[in-house]
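Presented sequentially are two complexes of chain A, the first with chain B as partner and the second with chain C.
And then the complex of A and B:
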């Protein structure tokens, strides 16, 4: 099965954010720098253009749809993720009820926010994360920030795997109804995970020092 | 007999953790160039702490005593770069050591830190990956490698710095029998001085003519692997056990495998 797929049932995190290993990259001919530039232009443009300039928004929408279809990005999960915007749209609608139509109305928030979110999601789907640190370094983002981001990406999945193992181990020995002790146990697992992450960070630092990190 | 400079010399080394726990106490030994030595001991005996001292990572703060010399040079803040170039340290958990996004970047990390030109770094990466049999894995992410491949990638990262001394912490833990055997074969081919901290006593029997037993932060025995590991009383007293292979052989038997002559000993 080809294409980029979102939201696999058995993974708690999206495959497109996972480290890429031999995965087909849509639009591989386009340098990640250009993908980043197009993404930023679309996001900033959509955020600042008045809605009266409808041809910008329609154009952006058509471009995104074309990219998503030709890049074979799975559309259903993509649209599900756009629903993350719902609380903000609801907030704008509630604010309008309270204060009257002084700020941007909920249709504006929905349209602009939806387009911006779609742009970022499609960019993430067609750009391997591994290419980003190099791009950010080349455009002058501070090296420490880029290194921190790359390390976070590298170890996010190790941590998620670790939390999965802890969850499984906990489930194996859970004999009481979930509702009674669920929160307490969850808090304990999160705390334990935090401690393990700190210990791992210390070991990673030592491993970096061992190979000459200055 | 002419005295040769040992590759590694540890003298009266002591270390106490910030919480006051004594990790190492009066540890001393020497390892000649080309030797392959096993470092044995129960969990918590101070093996990993000792290994961190050999690369100059510990002590990071006052609280330690004693000295460590590498090729006759005392480890000090001023010469840490030279020391880390000479001593390659492989950590117990490959996920701690493979911190870059791709295998290629990770193997290139050490040589880049040495300030080598890009072409030299690329050549070292190519050569190290070929040495460990991971040619073609350059763009792979460490997250997707098997445990055995991760170990080999770690070794490539260390070898790319061209160290003269290899210090390995539990190199075969978590490996399946084939991965373990392949990794041991790889290690045998590396012509560096080796100190291997491990619980894999069968590997020690096969690879290390000499062993050092550490317990409670102290060196409790240092000598021929066969003699130490065949001493059941000593093994049991220090949380170890006589390897299975030695149950079937007696070291005084004429057909028993004899360890190769150690250089400089």
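And then the complex of A and C:
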């Protein structure tokens, strides 16, 4: 099972989200199916229940805090990610203030949004993405979608590294600093990335055929 | 445009998820039937490509930056069914990996960004690239398709937020659609630049306009129209609520004791004639401006039409 690799400071994704291969999966005794089920229950429950049933929200919060503080989840990247996404929740909660009496009201929106956000992030922290295609295949998601997801996970980091290499190469060769990160250069990099991706796809097809895929 | 958890209510989430599942199933069926086997890995690579491309930041004024969304671009490069599968995969990964977009709003997000955006994008792309010939026409078509798909997706998003009662239509509509009419210009420009870069590097990748049979056009069109009728029509037009109108037409309005009314009826109804007209007018003017920009941009970008036409004809 390959790990999740992200290592780019210019991206919104915290570099610590990239567990290196061999790092132990937290709560490995719980099958990913069950983790997914618990996460879905928590999220759906939180999103549906009114704030008047506060014991659900408090219970969910306590469970999440227990998992987060169990010492098996890296807290710093989690906090960064929460901080990064919080403005979106706050913005929509702010928009709900204007809405008036018919809506659920901004405290509900903010509480639901925040709690669900934390649930998904903690789920992502304790479940490697590489485990998801297997789970989806077992619960009957169409094979084509699962294959696409597995291939995306396999090659995402390859392509991200490739685009970074191309950008570095461009930076070395472009003398006028003004054009270094211009739109044209970036688009050129993305266009090349597509060309390379489609070339790679053809090679992968041959490799898959060689291994008996049909 | 990723809607987080807790922003859409149960009926919106269920309705949008049903539409998303219908769109995705149809796309999977078409891909299985029509995409050559050797292009199947391209779906996964395409998803990885979209994901990686979204991480490249394009500087905008004042230290802010934007990035490509890619629905229209990938639809123009791979065709609508493949684009639906690709963007859906990206959205699922973003949802479970980074909490970009909520789990309960996943169906809603898939409908907006993976069904509406590519379908509108490919329809506009094919229409415009037939109207304006050559590589220039294609680049203009991609630019305009990028704008249209962004605005269409934001319209669906605003409708869903309003239908859920989270944010009033009077706030959601101008905020979402107005801002995305500007963002769409960036999306269109980046899509055109990338498309042009691909066309220069490997003309055969862009030379063949993706095949899309008429029947599938009807299918996708129906899905988008149902979505618009469900999410946006109750607010945007003076007619009765979309569901109510359908119920009246089918003759079972008596079956429902309490006809489902638009949640914001009192808010929108006064002066809806003029406001609706003004909105429609603004939309038309915006679209015309975007189209003009797209054509202008393509002329700026594709300098020597004859050379480009020759290279694409040769390959």
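Operating definition for what follows: the second predicted complex is superposed on the first by the 166 of 214 C-alpha atoms of A that agree within 3 Å, B and C clash if a C-alpha of one lies under 4 Å from a C-alpha of the other, contacts with A are read in each partner's own complex, and residues count from 1 in each chain.
Simple rule for what comes next: a residue touches a chain if its C-beta (ideal position, glycine included) is under 8 Å from a C-beta of that chain, and two chains touch if they have at least 3 such contacts.
What you are looking at is a predicted structure, and each value in this text was computed from that prediction instead of being measured.
Asker: Quick one: classify A:130 as touching chain B (first), chain C (second), both or neither.
Answerer: Only chain B is touched by A:130; chain C is not.
Asker: Contact-wise, after the overlay, does A:88 reach chain B, chain C, both or neither (first, second, both, neither)?
Answerer: second
Asker: Which partner, chain B or chain C, touches the larger number of chain A residues?
Answerer: Touching more residues of chain A than the other partner does is C.
Asker: State whether A:153 touches chain B only (first), chain C only (second), both chains, or neither.
Answerer: Both partners.
Asker: Which partner chains sit in contact with A:165 here, chain B, chain C, both or neither? Use first/second/both/neither.
Answerer: A:165 contacts neither chain B nor chain C.
Asker: Give one of first, second, both or neither to describe whether A:200 is in contact with chain B, with chain C, with both, or with none.
Answerer: both
Asker: For A:210, decide between first (touching chain B), second (touching chain C), both and neither.
Answerer: first
Asker: Find the residues of chain A that appear in the contact set with chain B and again in the contact set with chain C.
Answerer: 129, 150-151, 153-155, 158, 200, 204, 208, 214
Asker: For chain A, which residues count as touching chain C in their complex?
Answerer: 4, 8, 10-11, 13, 17, 39-40, 43-44, 46-48, 81, 85, 88-89, 92, 95-96, 98-100, 102-104, 108-109, 111-113, 115-117, 120-121, 123-124, 129, 132, 142, 144-145, 147-156, 158-160, 162-163, 167, 181, 183-184, 186-195, 197-198, 200-202, 204-205, 208, 214
Asker: Quick check on the complex: what are the chain C residues that touch chain A?
Answerer: Per the stated touch rule, the residues are 2, 4-7, 9-10, 24-25, 28, 31-32, 37-49, 51-53, 55-59, 68, 77, 85-86, 88-90, 92-93, 95-100, 102-104, 161, 165-168, 171-172, 175, 189-190, 193-198, 200-202, 205, 263-264.
Asker: Once bound in the complex, which stretches of chain B touch chain A?
Answerer: 52, 55, 57, 81, 84-85, 88-89, 91, 93, 95-97, 99-102, 109-110, 113-114, 139-144, 157-158, 161
Asker: Report the residues of chain A in contact with chain B in the complex, numbered from low to high.
Answerer: So the residues of chain A in touch with chain B come to 18-22, 129-130, 133, 150-151, 153-155, 157-158, 200, 203-204, 206-214.
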